[in-house]
Structures are given as structure tokens and as C-alpha cells.
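Naming follows writing order (A, B, C and D), and every chain is counted from residue 1.
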Amino acid sequence: MVNPIYILTLSLAAGFLLTLIDKSGRKLSLTVFYGILSLNVFIIGEWFYRLTFLNTPTVIINTAGFSAPLSINLQLGMQEAFVLLFANLTALLSAVYLFKKFKETHISGLILYLIMIVGVNGLVMTRDLFNMFVFSEILSISTYALITLTETKKSLSAGFKYMIAGGIASTFFLLGVTFIYYFTGNLNLDFIHLGNFSNLGFISIFLLAIAVFIELKPFPANGWALDVYEAVDSGIVSVIAVVNSAAIFFVFYKIMPILPQNFLNVFGIAGVITFFFSNLMGLKQKNAKRLLGYSSIGQIGLLVASLIFTMHLPRSLMYLIVGGFFFNHLIAKAGLFWITGIVKKENLKDWNVLKNNKPLLVLFGILLFALAGFPPFAGFWAKWEFVKMLVHGKMFFVVGTILLGSLFEVIFLFRWFTLSIKGDEKTEHKNISLELSKMFPTTIFAGITILISVLIMKFFYDFNWLHALPVLAVLIINVIDFLPSKIKGILSLAAVLTYGYLIYPLESNIQLFFGIIFIIGSAINIIGTLNRKGKSEGFYGLLLMMIFSFGNLLVAITYLEFFLSWEFMTISSFLLILRGKKAQKASMLYLIFSTAGAYLMMVGFSLAPDLVSNSVLILSISNVSLPIAATILLSIGFMIKSGSLGVHIWLPEAHAEAESDVSPFISAILLKAGVFGLLMVGISYIKHTPSFDIFYWIGWIGVLTAIVGAFLASFQEDAKRLLAYSSMSQVGYIVASIAILSHLGWLSAMYLSFNHMMFKSALFIAIAGVYYRTHTRTMYEMGGLIKKMPLSFISVLIMIIAVSGVPPLSGFGAKWLIYSSFIEKGWYLQAGVLFFASGVSFLYLYRIIHTIFLGQLKYEHQNVKEAPIWFIIPQYIFIIGIMAISMFPNLIIQPLNSIAMRYFNSSIIIDGYTISSSLGYWNGNLVMYVTMGVFVVPLIFLMLFNGRMQKVKQFNIVYAAERPESPQTTHVAHNMYAHYRKALGGWGKPRIWDFWHEVSEWSHSLADSIRQLYTGNGQTYILHIIMYVIVIYFISGV
Amino acid sequence: MDKKDIKEIEKQMKLANEGLPEKERILFSDVRPTTVAPLNKYLENFLNWARARSLWIIGYGTGCGAMELRPLMTSRFDMSRFGIAPRPTPRQSSVFVIGGYASIKTIKRIVRSYEQMQGPKFVIALGSCTINGGMYYDSYNTINRLDYYIPVDIYIAGCMPRPEALIAGFNKLKEKIQTGECEGMNKYAENFDWYKKNQKQIIKDWNMPDYNW
Amino acid sequence: MIFSLILGFLLLIIGLYGMLTQKNLIKIVIGFSIVDTGTHIIIVSIGYLSGKTAPILDSTVDLANAAKQVVDPIPSALVLTAIVIGLAVTALMLSFVIKLYQKNKSLSIDDYQELKW
Amino acid sequence: MNIWIKILYAVISVLVVTIYGLTLGGIVRKIYARVHGRYGPSVWQPFLDIIKTHGKRVSISHGYMFYLGPIFRLAGGLGTYLFIPVIFGSVVFSNFSIAGDLLLVMYFIFFGQLGMALGAGEGGHPYSPLGIARGLSQMTAFEVPFSLAVIAIAIQYNTFNLTTIVAAQQGSILNWTLFTNPLAVVAAMISLLGMNMHPPFSIVLAPQEIPIGPPIEMNSSFLATLQTNRGLFTAAKLILFMNLFFGGATNLPIMIIKTFLIYMFSVFVGASFPRFRPEQSMRFFLKWPTLIGVASIIFIAYF
């Protein structure tokens, strides 16, 4: 047990001695330097351990033999120890990172670094205000001087601006301290109380507080900080952004008790505003370090806000929120700054060098996901609890601002991420040199983020281990990533089936039904991925993560578990989509919409009353009466995932640009997660119907989605995009049927979900096969492939019949159920629109089968073969499924009937194979037999009585007595429904796309105009600070 | 004959399609047309009866004589009362009306369209030009005698033959069909090489397969 | 006391004005220095109590009532520290200015705004 | 009932209606001819044409889908017909209407169209997909007023069951949907014009633009199959309309008279109008008939 004062004295002493030590060689001085830093970490680490786990009481260190207030006292409690441990560790790792630099530069660098650590340590521990000033000046001066380690014009000018700003802030601080002393006759925080102040005295408190607050870089008085972040060497910047910020943040925490509530409120709001605007401005940023700077400033703002707004919460929760944000932000930020130093690229577009550098990419990814607050990292939990807290406190405006700011942050961070992975190919690739001294600290920090997230998941929430499975899957698959992809694929298939077996004893049939869609559907689709060659590094990990998250949605018990799985699903699907060749924009769109949806859901869940029973969410939610706002928010969140009209624009991009064997998962299964969620909302809704009928409007949205999706699909040239829009349209039907809130409606929604899973999987896999052979998705470049890929053709044929709803296949059952339910409900016009949509669906269905398989075979495809067997197998499994439920609709109708009966009175009668509703009847079995009969009779007749038949080739056509010129000019495929587009006129314009495009443009221009504040002129920055102080002064109403 | 010989013969039976560039040959069928024997007498008679009453003309006005088909179609002469109807595609028609002179360019199209008709198929040639060249007998650009190139069932003389003459010709064709004399399709298949030789003699830019299925 | 307080604030404002209006880096540093000085004067002035003696325990001060007879010593102690720190900061600023001038041969703050937005 | 007897009845019913449908086609050609001032072909001409096309000695095929296309088409016609109860109260003509209701019939119509479109597509001729694209587009358009009318009927009779709908119209001529729900009938009759593809909606076959469009490569027996279906399918559609809007039929002569008259409506419109361009046709259907259909629903549901 070492007296903590040594962490000050040792560093200080070493700092002075280093000049002498250096005379006998840099090696020795470096040894001493790192020795001292490690010792600091060790000492404080021990203290942290004692204070936290052994419940050692808080240590008060009195200097000069007197106790406070007569002398200066230092305090080391758990909080101090935590911050100090963190700061010293970061300082040590930063020093390791700077190893090369320290080896070469003047010894003053090392000295300054140690002095800076003294400043930080002192600042955190001291309880004396003037002492605080001294330590902060020590910290600042050493930091200013450290900046000169890189003597470029940029860093020097940034440093100068920093000094001026810092000087002004410290002047305020000093004035504040002086006046506090004047009014209270005391400088020790423990002896200053709010009650001691006269009205005038509040000014002194204000000066003190605003000085600290300005050091925390509030918007807009923070231009100087951005310049420093951009210009200074990454190693130093990580110290400034992390260690210094942590210390100053802690100072703020320390003085908080003496601040009046109205100050705190203003600062809290100012923090939120900072968070919002810096993230908004980050949108326009192209420079990596400055981008991190914006993010850093924003996060500190959030940190301050979270601290202020959670003061009244129970300690453990407050630690989770503030600690979560603190840790998450600072560690991730340090790591990312280090990575910028390793990559050494300023422009985000040049970051695609990371592509070839897997270890660095993984670190980058981990830190970025942590920074953006995705699970399982600490920021996620903090955000969840924070939002929940704010919502309970009815601070909706703050919640909205924070979430919007977070969204902006996600956008610019992940734009960076996606550009790194999928950036433009043109830039040259030089391998990045991975120096051990730089990689080591980064790796440690990435490790710590993961460790912390594990700890939170284990100790704070105590989740069922199933909920860690998605992450474990990624880790395990990454360990065995050296295996060929086939083996990994088979293992994954086994894993999915085992997982299905594990969760099999489900509580209810509705879970079982979605379990079949999620797990069995995925398992069959995995067969399609077995066609992969090579290693497909990382692919199966993400795939398993996604599938397990689907499953976990079913067994989630609390809102948080559900939301966690939801976020895991989003992350994994985002990364899977990003694996596509040109998927940068597509995956971004997907992520933006998903994140926005997730935030809405977060608020929605926070609004929802607590669950009363301990069964799975889908069951227990029926006992919960969701408020209207929660219903709306949750519904929007789920409808974003299911691609409803208005928020659908991510869908075609993501489906089309994902790798072709991933698309079936995204389309056939992922969208069903949204359906599942919506059904969940519906279950609560029917039990506790509010006065305002939300589902009526959801029904309309679903119906319009169906028609718009169908039209959009008809006008596509890209096969996968067409199928994507088709999915949108089909899910529109499902959403509308859920919204009916009747037995028949839910029956049809589930029936169609099941059907859609099968036929859309098969169609996407068929297109994957075609793409695999022809290397194109553009339909007019294909044609006549029926001759080369008959098995794929048959599969597509059956599936499009199933989609279109033509009897005798199962699609008709869906149509029959849907129309019956709509008429029964009295939604006549909606039913009319759906009829229209189902007519339009013929357009795209014919288009996809004709332009790919029929018509003229192109020269370049004369030698293509049938799709690989791995693509054929799943398709035919699905065909068997479709045929079975077409022939024997009871197989599916009966169980679904019983599921729906749980919520509504049954409205159908099943008699043999005849299913009757109040409106009509349908006997799928008989229809099948009649159809077979009427099909076989003419077939036999034709086979018997046809004359001599000659099979001819593709150009043996009557061509107005000429011969066709080339297959390209003879194949009708491009812009096939031009006349329809013409007929639609203005209705055919992509208005929703335009709308979102405008939103994006506007927010970017807004960001651009706001950031003009930062003119780069140091004097402007001073003006900002002074104006800021004045404005805050008036707002806080001292 | 062993299997090898059969294959060899089959190969010889294939058309060479030399007029086509190498890469286009896979796009066209290279099967040689064959003769198809009529069915048994009664059935064939019945079918011939129907064929004679349902004459579908290919809608291709090859020469100036096609002008005389218009009045035949419209209300003055109304060919539909004889079961004659125009048809827009050779795949579905049974009568090819060659409307007068056939230039070399046109004869290429005539051959293509004729070959694309499904047998039994019949040809009516209008005007003197198709019989002996008529007023174009010494033209560098027209053929003189149509039945060197495709089998003709009925010639209708005149320059131009009036619709009445056309009706008479059609009636004659009906009679011939009913008696089973119109076997142009088989004749063409039997003498396929001879017809091809004649055709290729005058059509120089032969950019189509030897038989247009 | 009031007078010196006002003087201190006046200097502070003059200094700020200088920092905001002068384009020359040296002049900005001077402005900062004036701000600093102003602050110091303010600190000293609040510690001064008229009619009291210096806080040194010598014969003139009654040990028992020392606290009532002397001026508050703490502001004086503070100001000493502050002066030292101010000096350090000013020196560092000037060295920055020198470096900047060496590199770019310009003392105008307008020439150092390429970092922006 | 013994299933074989049921099948026997179905065969009888199909034969009768096919013959009727083909004759109807002949009559229409005669009427067209008379409108043109011609004498016209004999009424039996369609039969002769079918015999002749079937009697072709050779045929060509472009592949298995091409081969199956016409079969799909005929199966579609047969199926559509077989799911409609033709004559109210008749055992022979009740067909397989126990298999499904009006929705089944409406969707089975697509079965043949889709199959034919695929078969024609494999033909490889550019006019086929052009015609199909027009046909499908126009189909989406005229289905709108028709489906609105069907919904109006479903509201009115509260059922999709065709037999029940016909039963509800028995008794008096005033019970016909024509009089009880005139707006729906107007909407549906306009869409019937599109369904029958007489001018001005003959954009699919459009002889002068895309010579007969989809079936351009169809020949010999394939064509004969299509021709057969044409007779049957037309009759089936007319019977459906008769059942929905005109009181159904209690015996064969009434059925023949009613369907004949319904058909004459589209024939007379067809004989007196030129053809629309594709986009004109679609716009037409999506405008006035749709509005009428919506009006019929609003009228029947809320007044």
C-alpha cells in the first residue's frame, strides 16, 4: 500500500531528474520514464482495487501536517481512483504509442509528459480550488509545450489558439476562485456550501463553473479544440482528448455540488446542444482527425449532460450511465486517435488502405462500434438507461436532440467505416506499417472495451447466456477462420440447428411459428452459402450472429433483451450487407434507417410500462397497455425494418448490393423480424385498444406500400432490386393484414409471412445462381437462360406463380385470406388497392422470368451451365414446401388458426380441405386436383395429336421476313414497361427517394453553414468564448 | 450399318449453313426439311376439306399485284365469305400470295417466309411477272419464273389480275386442295437441293441459314 | 479597494479588447499579459482591508487578535502563484510566436487560419 | 356424388360451352363483317379454322415452355370455367364450384395468361414480350374497376360465393345487380371491354403494330389449342359476368341469350371505335371506371 501522494511526487521528481539521467543515455531515461508511468498505474490500480472491492474507506491526504481547510488536502475515493487509473493507464499506453517519438526528440518531451501527468493526477485528487487552478495550469502549460513536439505550421498555430483560449478560461477560473474566497473565506470544496453565497456571490460560482465548462469545449466556443485535434500528433492528441478531458470532466464533477440547480440545468442543456451540433457538423467533415474531434466534443457534451441529468439517480445506475459514456467515449476515442496515427491518412476517402489490413480493421471496427454506442459496448447500455431515465423524466426534447445527434454521429462514423472497407478502388494501396509500439496500446484498449462490455452484461444485467451467443459466434468463427468456407458453412448449419434445438421448448406456438421462419428458413438458406469458394473470412460469424439474434428475439423476456437482440441483428446484417462489392452506400442507408428505427424503438420501450409477468416478451406484452406514443414509435421502428412506404428506400439498395447469397436472408427472413415486432405491438394493442386507432393508418401504409412496391419493382432493370421491391410490396400486404387486427387478418399475415419466406428465399437463391454463372444482375443483359438453366427456371416459375397468387399454388391461399379479411373488416378501398397491387405484381414477375430466362440467349451466355448444386438444393426444398402447403393447405392453416385463436375468436371453419370464412370458401386440395386435370388433359391431347414437331433454335423466328440482327437487339427487356411509366405520368416519379435525398442535402448544408462559425481565426474563437460566457450568464439568470 | 455410319449419314443430313458467320450458326437450326406423308385417305380427305375452307393468307404484299388483294378483302369482293382471311405471320398462314414481280431482294424474303410457313402450305402467284417475267423479263433485278425457287400451286395470269380473277384462282386452289393435289410442301423437301441451288444462284448476299425453320 | 478593483477590471477589459482587435501576434500576447495583470490586481484588491497591517507576525501584531489586525494573507499568496503561472504562460506564448515567425515569416494572426470548419 | 359422374358432367359442360363460345366467335365475325358492309364468313368458320390448324402436318417448337404455354392457356380457360357454377340449380352445369368462390375464379383467370405469356416469351420473338407487356399492363388497369365492382358486390351480398350471389338475384328482374347496384355494373362492364380486348382496347394483338403480339410464333396445334381456349374462355368470362350482374341463368337458353347480349355490348363498342395507344388505355381505366367503382363501393357500403 503506497501512499497515493507518490504518484505526484514520483513523477515530479523524475521530471526534474530526467535532464540529468539523460546525460547517461536515452535508454536509461526512457526506462525511468516508463518505469514511473507504470508505477503510477500500479499504485493507483492497487488503490482502485482496495477502494472498490475491499471497501477501504476514502483516503484523505493532508499536506503540510494540517487538515483542511487549513492546508490543501487531496482525496482518493473510488471515483477518483477510477478516473486516475483510467487516466494513468491511458497516459502509459499513449507514452508507449509515442515510444519512437520519445526516443528521438529532446528530453524535454519526456519531462513535459511527466509534468502533465502530475497535473492530471493532482487535478483529480485535489479538493482545493486554488490548487486546482495550479494543477490545471501545470497540465495546460505542459500540454501546450507538448504540442510543439510536432513543429508544423498547423500544429503551432493550433497550439497558439489553444493557449489563448486556455488563458482566457483560466483567467475566468482564477477570478472565480478569488471571488469564492472573497465571499466564503474558504477555498476547500468540502467547506463551501451553496448557502454561503449572496446573490452577488453566485457570479463567482458562475465564473468558476463557466471556466471549467469552457475547458470542456461547449458548442460553439470550441473552435480552438477542433484545431488542436486536427493538427497535433495523434499520440499527443489522444492524451489531450482523453486524459485531459477526463481530468477536467472530473473537476466539473467535483465542483458540481456547489453549483446551483439552475446553472446545472443550463449546462446540461448546453451539453446536449453541443452534442447535437458537433455531430451535425461532423456530417460534413472529411478529415479523419477533425472528425474524431467533432465526435469527441460531442461526446463530452453528452457526458456532461448525462452527469447532470442523472445526479438524482441511484448510484449504481448513475455509474452505469455516466461511467458507461465516460469509458466508452474516452477509450474508443483514444484508440481511434491512435489508429489515425497508424494509418496516417487525412482524407476519409483514402482510408480504404485499411481494406487489406485485417488486424487493424478489426480494431478500428471494435472501437468505432463502441464509440457509436452499439451493443455490447458500454455506450449502448449507458444510452439505453439514459434514454429510459430521460423519458421517465418526461424530457422528450432532450431525448430527441440526443438521439438525433447520435444518429448524425452514427452516420459520419460509419461513413468513415464503410469508406475504409469499401472505398474507391482507384487510390493506390500502400501497406501500412504496423509498429508494435503503436498497435499494442490500441489492441489493449480494444480489449478493454470488450472486457467492460462483458462485465456489464454479466454483472449488471445478468442476461441469459443465449443473449451473448451472437457475439460468441463471431468470436468463435473468427478463431477458426483459417478453415475453408465449406467446413465453416457446415459447422454453422449444425450450429443453427443446435441452436434451434436449444430454444425449441418454446412457450407458445407463435414463437414456434416465427422460430420456423427464422431458424429453419435460415438453415435452409445456409445451404446456398456452401457454394462459397476460399475462406470467406468473417462471413459465417456474422451470419450466425444474425441468425442467433433472430432466435433471441423470440426468447427475449425483457424489453432490453429484445432490443439487444434487435441491435445485434442490425449490426450483423449491416456488416453482412457491407460485404457486397459496391455496398458502401447501400449499407450506409440501411444502417441509418435501422439506427433511426432503433432509436425510436428505444424511446418506445422506455415509454412502455413495466412488464408484469416473467414469460417471454411476445406473451407478456399482452398484459401491458402501451401508451399511444409508444405504440406509434415502436410501430415505426418495426415498419422501418420491414420496409414500409416512406422509410423503404434502404431496402432495395441493401437487398441488391448485398452478396447474392446473403440477400435471401435479408429479404426473406430479416424483414420478418419487423413483422414479428409489429405483431408484438398488435398483441398489446388488441388487449388495450386506445381511443386513437393507430392501426387503421398502419393498415393504409401497408396497403400503399404494397402498391408502390409493386410499381417500383416493375420499373427495375436490376434483378435483385426488382425482387427487393417485390419484398417490400409483399411485406406491405403482411403489415396491412396485421393492422386489420382480426383473426382472419392475422391468419393471412402469418400465412403470407411463411409463404414469402419460402418463395423469396428461393427466388433470391435462383438469382444468386444466375448471377454466379453470368456475373450480371442487369436483366436485359441476360435472356434465354431457360435452355441453359432449366432447373433454376422451373424453380423461378413455381415461385412466381406462388408470389402472384395464381391458384393452385399456396400464394392464392394468401390472397384469398387477405381479401376475405379486408372485406370482413370493412376495409373496402384498401382491398381495392391491394387488388391493384396484386395485378401490378404480374408485371414484375413476368419481367423477371422473361428477361432472364426467356427470349434470346446472348452470345456470352452460350456456354453457361446450370447453377451450382448448392443453390439448387435449397430452392427445391422450398419448392417441396410450397407444393406441400398448396396441396394440403391444412398443414399450415390449422396451426396458424390456433395461433390466431389465442387472440381472436376464430372466423374460419375448416372442414376437410375446405376452409370457409364468413364470406366464401376455398378447397386448396380440390383446386389442385382440378388444375392438374385440366392441365394434363390438353397436354396428353397435344402430345398425341400434334404433327411432326421440329425443335428450332432461338433465331428461327419470323422477323418480318428478315433475320434478327443480334440477340441483344432482339431481346425485349430494357425499360419493358415504358408505356406504363408514360401512363403514370407524374405519379411515377420517385418522390420519396427525392424527399430523403433533400433531407440529406439540407442537413448537410445546414451542417456546412453552421460550421462556418469556425473561421480558423484565433480572435474569433476568443470572441466566441466571451460571447458564450455572456450568453450563458444571462440564460442562467444569476 | 453400324452406329458410326448412322451418325455419318445424320451429319450429312444436316445443313451446312455456310452463308452464316461461324458464331451465328448456333443460333439457327441446321435441320433439313423432310417430307411428311399424308394420313390415311378418309382422314386426309376430311382435313383437306377443312384446309380448303380455311385459307389463311400471309399478309406480305410482295409485288404490285398485292394492290389487287385490298379490294378482295373489303366489302366489294369480301374474301372472308370463302373462308379466306389475312394472317399477320407466316407461322399461322397456309397460303402465300406472291403479288406479282419478285425482285431479287424480295425473293430472299419470299423464300424465308415460305420456309417458315407450316405445311401443308400453298402458293398462289399473281400476274405474268411470276410466270415468265412479264414486262420485267429482261430486268437485271427480278426473277422470271417463280417456281424455280418455290413450288407454286396456282398461277393467275394477267397484269394485274383483277379481284374476280383472284377469286377464280382461289376457287381453283380449293379444288386442288380438296383433291389432294397440293403437295408443294413435300415437293419442296424432295427437291430441296435443286431449289436451294436456284435460290443461291441469284441471291448473292446469303446471310441466312439454308432452311429457315 | 474599490478603486483597485475597478482598475483591475478596466485592465482586464482593455486586455481583452486588445486581444480581440490586434492582428499582431505579439500584441495579442501583450493583450493577454494585460488581462493577466488585471486579474492579479483584482485578486490583490479583494484581499486588502483598509486600516490593517501586513500579515506578518511581528511585534506590532497582537498574537491573540492577529486575525483581526492583519489583512488576509491568502490572496497575496495566490497572486504570487498566479503571477508565476502567468509568466510561464506568457513566455510559452512568446516562444510559440517566435516559432511561428521562424516558420512562416508572418506575425499576423490572419495568416494562421488554414485550420477551420 | 360419384366423382366419375362429376367428371362426366364437367366434360359435357365444357363441350357445350366450348361449342357455344366458338359459335359466338363466328357470329361476332359475321357481325363485324356486316358492320363493314361485307357478307362475312360462315358462322362455323372458327371450327373449320381449328380443324385446319390442328390438321397441319408439321409444327415447330422453341422449347418446353413454348410447348406448355398453350396448354397453360387452355388449362386456365378450362379451370376458370370449371370453377364457375354456370346454370343456377343445374347439376350438370354446376361444375367444380365447390372448390372455391369468386376469388378463385378471378385468380384462375391469370393462370392461363401467365402460362401463355411464358410460352410466348420462350418463342424469342420481340413482338411476344411487347404484346405481353401491353397485355399485362392493361390487365392491371382494367382489373381495378372490375375488382372494385367485385368488392361492391361482396359488400352487397356479403359473400364471395357465386351460387349465393346468383341465388340472391333470383325472383325478379329488379333483383339483378344491374338494378340493385348499377354503378358497380357500369364499372365492371367497362372493364369487360378491356378483358375482351375488342377495340379500343385491342392493344395486345394490335395487328397493325405488333402483328398479333404474343402468339406470333404459335403454329399448328399450339394455335389450335389457343383458338379452342378463346371460345371457351370468352364464354367463361361472359358467364361470370352474367352470374355477377345479370341474375345468372336457370337454364341453357337463358344463359345463351344473356351471355350473347353481354358480349354484344363489347362487340358493338369494338366495331365502332379505333384503337387506343397503350398508355391511353391504361389511363382510361385508371380514371373514370375506377372512380365509378369507388363510387359504387362508397354507395353500397355507406348509404
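The definition used in the following text is that a residue touches a chain if its C-beta (ideal position, glycine included) is under 8 Å from a C-beta of that chain, and two chains touch if they have at least 3 such contacts.
Just so it is clear, the model here is predicted, and its values are computed rather than measured.
This structure's chain pair with the greatest number of C-beta contacts is A-D. Averaged C-alpha coordinates put the centre of chain A at 71 Å from the centre of chain B.
The centroid of the Cα atoms in chain A and the matching centroid in chain D are 53 Å apart. The geometric centre of chain C is 98 Å away from that of chain D, both derived from CA atoms. One finds 113 Å separating the Cα centroids of chain B and chain C. In chain D, the positions touching at least two other chains are 56-60, 216-217, 220.
Residue positions 947-948, 950-952, 954-956, 958 of chain A each touch two or more of the other chains. Within chain B, the positions touching two or more other chains are listed as 36, 89, 91, 213.
Contacting chain pairs in the structure are A-B, A-C, A-D, B-D. Residue ranges on chain D touching chain B, taken from their complex, read 29, 33, 36-42, 45, 48-49, 51-53, 55-60, 207, 211-212, 215-220, 223.
Chain C meets chain A in the complex at residues 12, 16, 19-21, 25, 28, 32, 35-36, 39, 42-43, 46, 74-75, 78, 81-82, 85, 88-89, 92-93, 95-97, 99-100, 103-104, 109-110, 112-117.
Remark: chain B residues 36, 38, 46-47, 50-51, 53-54, 56, 59, 74-75, 78, 80-81, 83, 85, 88-89, 91-92, 94, 118-120, 185, 213 touch chain D in the complex. Chain A makes touch with chain D in their complex at residues 784, 786-787, 790, 793, 797, 800-801, 804-807, 812, 815-816, 819-820, 823, 826, 828-829, 831-832, 835-836, 839-840, 842-843, 845-846, 849-850, 854-856, 914, 918-923, 926-927, 930-931, 933-935, 937-939, 942, 945-952, 954-959, 970-973, 976-977, 979-980, 982-983. On chain A, the positions that touch chain C within their shared complex are 130, 133-134, 137, 140-141, 144-145, 148, 151-154, 156-161, 163-164, 167-168, 170-171, 174-175, 177-179, 181-182, 187, 223, 226-227, 230-231, 284-285, 1011-1012, 1014-1019, 1022-1023, 1026.
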